[in-house]
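What follows is a pair of complexes built around subunit A, which joins subunit B in one and subunit C in the other.
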Partner chain A sequence: MLELKDIKLAYGSAQILNGVDLSVERGDVVSIIGPSGTGKTTLLKCINYLAKPASGTISFDQIKMDYQRPDKTAVQAIRLRTAMVFQQFNVFKNMTVLQNVMDPLVVVQRKSKEEAKEIALHEIERVGLTSRCNHYPSQLSGGQLQRTGIARALAVRPDVILFDEPTSSLDPELVGEVLKVIKDVTSSGITSLLVTHEMQFAKSISNRIVFMDRGVVAADGSPAEIFDSPSSPRLAQFLNSEYSFQ
Partner chain B sequence: MDVSAMIPELLSALPLTLAITFTAMVAGFCLALVASTLRIRRVPVISNLVDIYVSYARSVPVVLQLFVAFYGLPLLVALFGAADFFSPNVAAMVGLSLYHGGYLSEVMRPAYLAVDRGQHDAADSLGYTFRQKIFRIVGPQAIHIGLPGYGNSIIYLIHNVALVMYIGAADVMATAHLIMERDYNQYQFETYLVLAVIYSVLCLIAWLVIRFFELRSPMQAPEAKATTQIRHALISNA
Partner chain C sequence: MFETDILLQDTREILGAVPVTLGMALLIFPLSAIVGSLFALVEYRRVPVLRELVMVYKVILKGVPMVVVIFLSYFGLPAALQFLYSALGIDANAHLMPNWIILVIAITGCVAAFQAEIIKGALNAFDTGQSDAAYSLGYTGSQLFRRVLFPQVALTAIPDLTTSMMVIMKALSLGFAIEVIDIFAQSQLTAALNYYYLEAFVIAVVIYMVIAYIVTQIADRLEQALRIRT
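Our next item is the complex of A and B:
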């Protein structure tokens, strides 16, 4: 369904992505793990072209693009079929929870206000924020902000949802409420890509794990293959350090 | 001639002062919008020229900018073979518009840049067009950030309108001097006092309008009642 090939990206002289290949099937829940700074976030952002690779190709069902020849319509088509949940939430600060979730439906999808509101209220209920509907971001906790971000992503009914470390800027006691919502989302069958440092969580919700290291995919397999019998010393070392940290 | 006759005479010059202020406010705002856009979206050569304009408007004393406008603009139009249509009033409007535009662009540009990068990312990722993103997300947040600076720039503009008498525009300040000369400098203190009150009222009105928009902004916590906030702000300002 989604296939990235030979993605290369550099920021200045630093080569961040060094020929990444990744393919995702419909219904997959793929977790991307790896040391800090290896380009996991950057890779996710290449999919919706928030990060602009120097070369490589993407194909998303029938949409195809070569990053050396960026194509506005292809980028827009991909953006309309994906949604992203950000590490820093990035909830629109000038809008209430309800407006945040409704706005893309009204502005981008040109739905009527009534229809957008109905969909928005449904997704807000799903993430348990009904009582906070009319609150502004400045009045919400981190966990509530991230659940707003998830509701906004779900409301656009994306084919693929991209989670970029959705819990890593949360206070420890708020992580649980967000993981619960993500688990509910991923088990509903929507294709998901999740960058995370929550190893136990990745293991429990994913059907595939991708281990990234130094700008390439260093291992790719089922949770059992990756966690129980790591194929490379780098992976084993990484898993060890993550577990000892937790 | 007594003090009470002097007040209406001073006020008769107020429309011109206001006309110059409003012209500079509107024209300066448009200039600032264009200048900020060009400085953010770096167009080669043009953006550099705009940089020079902004640094001129911000670093040259406003009196000097008025002289430059008054003596320079006729030369400029003569170059193009047009007749000189620059009265002191028009020169004052043009000079202050240029000053205010340059000054204001250094309020707008930082306000735009202060909007979190993540807000752009979120809007882009959801498929907002550039215009939709600016009008619905980034613009409103930049306005919220920029409003206090905008209020200051308006107050500086009002103060600087008092300088137009140097190029011979008959605003309230110039009128005050006329009155004093004619009356053998009898009521200097009173005249200046009335002038001070006029400027204070103008600035207070400007400040209240800006404050109203600040409090109306959705990024302001809605439970904070606008009226009590204005009262508090007035007290702390006094």
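Our next item is the complex of A and C:
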């Protein structure tokens, strides 16, 4: 359903993505792992055009775009069918939890306030924040902020949900509550892409693992293939170093 | 040292200038905030050409003493307006423009340069991750501005903007130079008649202090009520 081809992107003289190919089938839960600075987050952001590749193509079901000829309509169409959960949460600070989740439904999807509220309350319950509904972000913990972010992403009913290191800026004791919610989301059948450093978690929820290194996809396979019999020395070395920290 | 009946009588006279002074301040405050916001937006969005013009404007109006700007406006504004009138074929006498309007324009022009810095600071404090989030959900630029950016920037800027209310109050005392009677000018005039200069100025000080106290109280309350949302 989603296919990226030969994505290249540089920030100044630093080549971040060096010809990445990635295809995702409906219902896939794909975890993208790899060393810091190899472009995992950037790749994810290319999908909804928050990062702007110099070249490459994307096709998302019927929507097709060549990044050398960016097309506003295609970008917007993709954005309307995806949702992103950010490392820094990025919830709207001037809105309560409920308003955060409702706002895109009212402003972008033009739903009525009543309908938006109903959907929002349902998603807020799903992430376990019903009691924090009317709190502002400044009154919430990191874990609660991220769960708000997840509820906001779910509420727009995306075809694909993009998780960008959702637990990387959380205090260790808050990671569990967020992972639990993500696991619940991914097991519901929604197509998911997850950039993460939580190896055990990636292994347990994904049906595919993509290992990125130096701006390219260096290995791609089932969790068993990647974790239990790593094909390349680079991957083995990376897994070793990640596990030694855990 | 002070004579009570003189104090009472002077207070009454000087208090008479308070409504006019406050009125002008309450006019200059929103005007300068609006102009300052436009300047700040031009800089934040890096609009070419306009951005350079705003920078030149700010250097000039922050650097030149306000009283000089007031005199320049006093002699320059009506003449410029008259030129405009005749160029457009409008039959009107720009020199009939009341001095208080000239004062309001001059101070608005000066204070706007400072307001622009306050609002620019608030814009820079805005965490842009929220823009990413909004765009990723399909918000347009103007929806992002209306729903997320503007409400937050306004809240961040309000305390500093309110403080600038006091700057405006004080700047109005320069209006004496072009015969606009504010609190300070009135105390000067009152004292000129009875020679109780110290009394008149002490009264002016007390009035300024009361106004400053009220303004800061309002600013504090506002900030406290809004802090939670930023």
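Everything that follows uses one rule, which is that the second predicted complex is superposed on the first by the 246 of 246 C-alpha atoms of A that agree within 3 Å, B and C clash if a C-alpha of one lies under 4 Å from a C-alpha of the other, contacts with A are read in each partner's own complex, and residues count from 1 in each chain.
The working rule: contacts are C-beta pairs under 8 Å (C-beta built on N, C-alpha and C of every residue); 3 or more make two chains touch, one makes a residue touch a chain.
Not measured: the values here are computed from a predicted model.
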Check: Between subunit B and subunit C, positioned on subunit A by superposition, is the outcome a clash or a fit?
Finding: clash
Note to self: With both complexes overlaid on chain A, does A:L9 touch subunit B (first), subunit C (second), both or neither?
What the structure shows: neither
Notebook entry, point to check: In the superposed arrangement, which partner chain does A:L154 touch: subunit B (first), subunit C (second), both, or neither?
Noted result: neither
Check: A:L129 contacts which: subunit B (first), subunit C (second), both, neither?
Finding: neither
Checklist line | Touched partner set for A:S138, first subunit B, second subunit C, both or neither | finding: both
Margin query: Just to be sure I follow: which residues of subunit A are touched by subunit B in one complex and then by subunit C in the other one?
Written below: 45, 48, 50, 76, 79-80, 82-84, 86, 88-95, 103-104, 107-108, 136, 138-139, 149, 152, 156
Notebook entry, point to check: Okay, in this complex, where on subunit A does subunit B touch?
Noted result: 45, 48-50, 76, 79-80, 82-84, 86, 88-96, 103-104, 107-108, 136, 138-139, 149, 152, 156
Next item on the list: Give every residue of subunit B touching subunit A within the complex, in rising order.
Entry: 116, 118-119, 121-128, 132, 136-137, 140-141, 144, 217-219, 221-222
Notebook entry, point to check: In the complex of these two chains, what residues of subunit C are touching subunit A?
Noted result: 127, 129-130, 132-139, 143, 147-148, 151-152, 155, 227-230
Notebook entry, point to check: Which residues of subunit A touch subunit C in the complex?
Noted result: 45, 48, 50, 76, 79-80, 82-84, 86, 88-95, 103-104, 107-108, 136, 138-139, 149, 152, 156, 162
